[in-house]
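Heads up, the next two complexes both have chain A, just with different partners, chain B and then chain C.
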Partner chain A sequence: MNTNQWNRLQTIDRRVIYAILLVVILIPLFFPITLPTFPSKQSRNFYDTIEKIAKDSPDKIVIVDGWWSPSTRGENQWQAQAIITHLMMRHLHFAILSFDTQNNTVTQSQIVEPLAKKYGYVYGKDYVNWGFRPLAAFVPVAKGLVIDIPGTIKKDYKGTPITQFPVMKGIKTRSDVGALIEITPSASAEGWLGMFEKNNSPPFLFAPTAVMAPTYYPYLDTGQMAGMLTGIKGAGDYEGLLGTHSFGSRAAGALSLVYALIIALIVLGNIGYYATRAASRKEDR
Partner chain B sequence: MEYIRHLFNPILLFGALGTMAILSLVFKENRFYRVFEHVFLGLALGYDLEFTWTTILRPLFWDAMVRDGQWAWVMTVPVGLMFYGIYTQRFTWMSRVVFGIFFGLNAGAVFQDFAGRVVPQVTKSFLPSKSLIPPPPIPGDPHALLHQISFVLNNFLFLGIVVSVLVYFLFAFEQKNKAVLRTAQIGRWVLMFAFGAIFGSTIMTRMALLIDRMYFIFHDWLRLVKG
Partner chain C sequence: MLHTLQHFFAPMPGHGAWYFEKLALGLLFMFAILGALQLAPRRARKGIIAFFTFLGGAYYAAEFFWPTNSATNQNFLTPYQDTVAGLASVVGSFAIGLGVISLLQNHTRQLARRRPGWGYSAIFLVFFLAMTVFGLMNAYSAKSTVIPAVPGFWARQDAHGLFQFLFVGGLTNLGSATFAMIAFYIASAAYRAFRIRSLEATLLMIAALIIMFGSVSFGTWLTHGIHPVLADGSENPWANLRIENIAQWLMLQVNTPAQRGILFGLTLGLLATSLRYWLSLERGAYFEKEL
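Coming up: the complex of A and B.
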């Protein structure tokens, strides 16, 4: 083969690559591929922490904070769904809080309400929606929750004073919080760790998109985070641990095939590069 | 007939058309993409404005004044307007006053953030020398030796990586010494590994979002995928 023929491996039309990618994604959606799943240590720790709260302190409230919007629903929605399913399975009380305008509506209507019907959860008695807070108010909200939860939140998402809800009975300060769960596509964990958490109490559980995850591994090592769900892989892990196989488990098959394709393309491109160089040298001689 | 009605459900149809329009950009820049790009931007901005007004400004600011008679809230309007002084030379000083207040407030918060978030990481990185001595085996652990070896290896790697990366970032003096140069080179390599991991995770996110969109089209909309 001459230089031009080898060079073709490096100049495959991107539309051809996209078409192959599409086929690779669609095959496991039509014909589900069941791969053996091994939940990562951080996913298992996330799960175990919720189990521990259900066993040791079931009266405490779990805060589920969301910064995500439909733009990252491919990862965050499935994480949120798995986490809230777990909370409901163990009948833990929880409060939804959002620092994104779209998040509060999506979490309430797309995730919590359908699951509440399934698990018999009643608004105000088993869970509450603390509503949306603008990002600019993050620091006062996070610091306020430490010493005075009812005084900081005041009203739920419909404008009802939160002290009227049975689920908020006895919930006054940070010590009444069982865990803080953060579901996010951004670097929002840092604010909570700096402003709300003290000596890893209450346990901080983090569910970021995969792109954000590597930055936060040091926080797992130091114990500042009790567990982490890494993107859709984390959601799949969690569904596996719960035994509720949904999109997260299904996407794992497609994701594995996509990785295989990307690795194959990288290898092809490199073969093309080295072979072109070798052929070029040969022709020069 | 029911399936046709489902296909033309306005919400699903709009979602499907939007997905196809935005993804069409990977083939070529086109008007279909442009239209939906502007629709999405407009929708997101409009939704943000409406939601912020309905859930924050109206109940906490407008209703507090008009309905509950707390007219002191009106004082926040001129303070807020002072931010816009930045656009004229004459009133720039006004914006500096409010910016200064906000900088001061944030600077105070940063100290707390640093103490709560960064200090534990720094202190935990000071692994004592005993971290290279394996802990006693857990009774009944069939892989006790393997766990002991991995404990020592992990801590050894951790210490080596922390030191080599710190040496790489020593720019205060010229790195001439061979040992320093080699250590810095290792630091650069491990940094490259970390960047590679971040890039790999970026691909994971992008692909997960694409898989979700395909699931929406073929499962939620076309109903060709079961389960």
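Coming up: the complex of A and C.
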């Protein structure tokens, strides 16, 4: 082969790449690939923490804090779905809290309500929606949750005082919280860790998008984070641990093929690069 | 004074006439302040802004560092957190108003002058109006009929249904689609950019390939034959060579120290920048230069 022919390997038209990628994403979504799943250590720790709360302190409330909007629902929605499914399977009480304007509506209507029907969860008795808080109020809200939960939250997303709900009975401070779970596409864990990092604090569980995950390994290493679900792979891991094979598992299959395609393209590009150089030297001689 | 402010910013039980009176009063008050600031000499204006910036920051700093009562875990400043957060939200929300005015001005001009891309401006204006109208109707009159039923063609549509159509059917899906497109650019960029041209690039690529393989089922399946436990029940040392374990080692032993270093640097930078903002020492655009 001459230089031009080798060069084609490293100059594949981007539209061809897009088309192949589209096919590679779509096939496993419609025809799921059944590859064995090996949950990461941090996904397993996440799961084990919830199991431990269900066993040791089932009366405590779990806070599910969402910072994500539909832009990142490809990852965050399935993490949220798997986590809330687990809470409902173990019949743990939980509260939804959002720091994104769209998050509260999406979490309530698209995740919690359909799952509540399936698991017989009753609003106010088994779970509560604390509503949306603007980002400017994050520090006072986070601080307030440490010392006075009813005084900080006051009302649910429909304006009903939260003290009227049976699920909030006996929930006063962070010592009454079983775990704090944050599902997010942004760098927001430090705020919670700063407020909840004390001896009597509940475990902090984190579910970021895959691109944000590497930043948070220091907190996993120190034990400040009890577990972490990394993007859609984390959601797939969790579904595997729960035994509920939903979209997260199918998407994890699609992700496998996409990564394989990207690796193949990188290898192809490098073969093209070196072969072009070698052919060019040969032709020069 | 603070109790009056707290009462003023307290959530309203319902949106009655008093709510709208408060709203109008609040807007009037804010526009009076903005007008006064605009009329004030430049030096005085900067001084007033710097004073209130310092005051806002001082509250949070003092509240955080002031010793608390061990029984209540509060100090004398803690009860005013809601009020200060409310004030911060009010000031922040003016930025939304500014953004809306700027967007409307820009797109109306595009449309009026038929500049290239004016069609996008028309779409923006139509949907901006629709979301505003149906969003407000959804909050105040969700059941009111917007499109009456036409037997054999469509059912009655109320304000809530149309808002849901725009929000869930439109906005959420558009948001996801826009974000999902990044995957296509990443695939194309990885193919073009990852060339083994130096030792550093080679190390980076090897690490990237291991992390990628270690993050997906396909990769972990490649080394799943190495069993973590030997036949006698002891740990298999060769299991360290499973791709997910190598990936985990890279993330914890190589990535973590680097991230820790970055975090230290970032935090120190953040502290320095926060101090500059708080003490109004920041210079340049938005601070000393008029844009």
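Methods note: the second predicted complex is superposed on the first by the 283 of 285 C-alpha atoms of A that agree within 3 Å, B and C clash if a C-alpha of one lies under 4 Å from a C-alpha of the other, contacts with A are read in each partner's own complex, and residues count from 1 in each chain.
The rule we apply is simple: a residue touches a chain if its C-beta (ideal position, glycine included) is under 8 Å from a C-beta of that chain, and two chains touch if they have at least 3 such contacts.
All values derive from a computational prediction rather than experimental measurement.
Partners chain B and chain C, once the complexes are superposed on chain A, run into each other and clash.
By the touch criterion defined above, A:Ser40 reaches chain C but does not reach chain B.
In the superposition on chain A, A:Leu26 makes contact with chain B only, while chain C stays out of contact range.
Once the two complexes are laid over each other on the shared chain, residue contacts for A:Tyr123 go to neither chain B nor chain C.
When the two structures are aligned on the shared chain, A:Val146 is found in touch with chain C, with no touch to chain B. When the two complexes are overlaid on their common chain A, residue A:Tyr273 makes contact with chain C while staying clear of chain B.
Once chain A of one complex is fitted onto chain A of the other, the partner contacts of A:Lys233 extend to both chain B and chain C.
Contacts of A:Ser256 after superposition on the shared chain: chain C is touched, whereas chain B is not.
Shared-chain residue A:Arg14: touches chain B and chain C both. In the superposition on chain A, chain A positions 14, 18, 21, 25, 72-74, 102, 105, 134, 139, 143, 155, 159, 210, 214-215, 218, 221, 230, 233, 255, 258, 262 are in contact with chain B in one complex as well as with chain C in the other. Those residues of chain C lying in contact with chain A across their complex are 11, 13, 60, 72-74, 78, 81-82, 84-86, 88-89, 92, 167-168, 171-173, 175-176, 178-180, 183-184, 186-188, 190-192, 194-196, 205, 209, 212-213, 215-221, 224, 244, 248, 251-252, 255-256, 259-260, 262-263. By the touch criterion stated above, chain A contacts chain C in their complex at residues 10, 12, 14, 17-18, 21, 25, 33, 35-38, 40-41, 69-74, 102, 105-106, 109-110, 134, 136-137, 139-141, 143-144, 146-147, 154-155, 159, 173, 210, 214-218, 220-221, 230, 233, 236, 252-253, 255-263, 265-266, 268-270, 273-274.
Across the complex, chain A is touched by residues 26-27, 44, 47-48, 51-52, 55-56, 59, 105-106, 109, 112-117, 120-121, 124, 194, 197-198, 201-205, 207-215, 218-219, 224-225, 227 of chain B.
Those residues of chain A that touch chain B in the shared complex are 14-15, 18, 21-22, 25-26, 29-30, 32, 72-75, 77, 101-102, 104-105, 131-134, 139, 143, 155, 157, 159, 190-191, 193-195, 197-198, 209-215, 218-219, 221-224, 230-233, 247, 250-251, 254-255, 258, 262.
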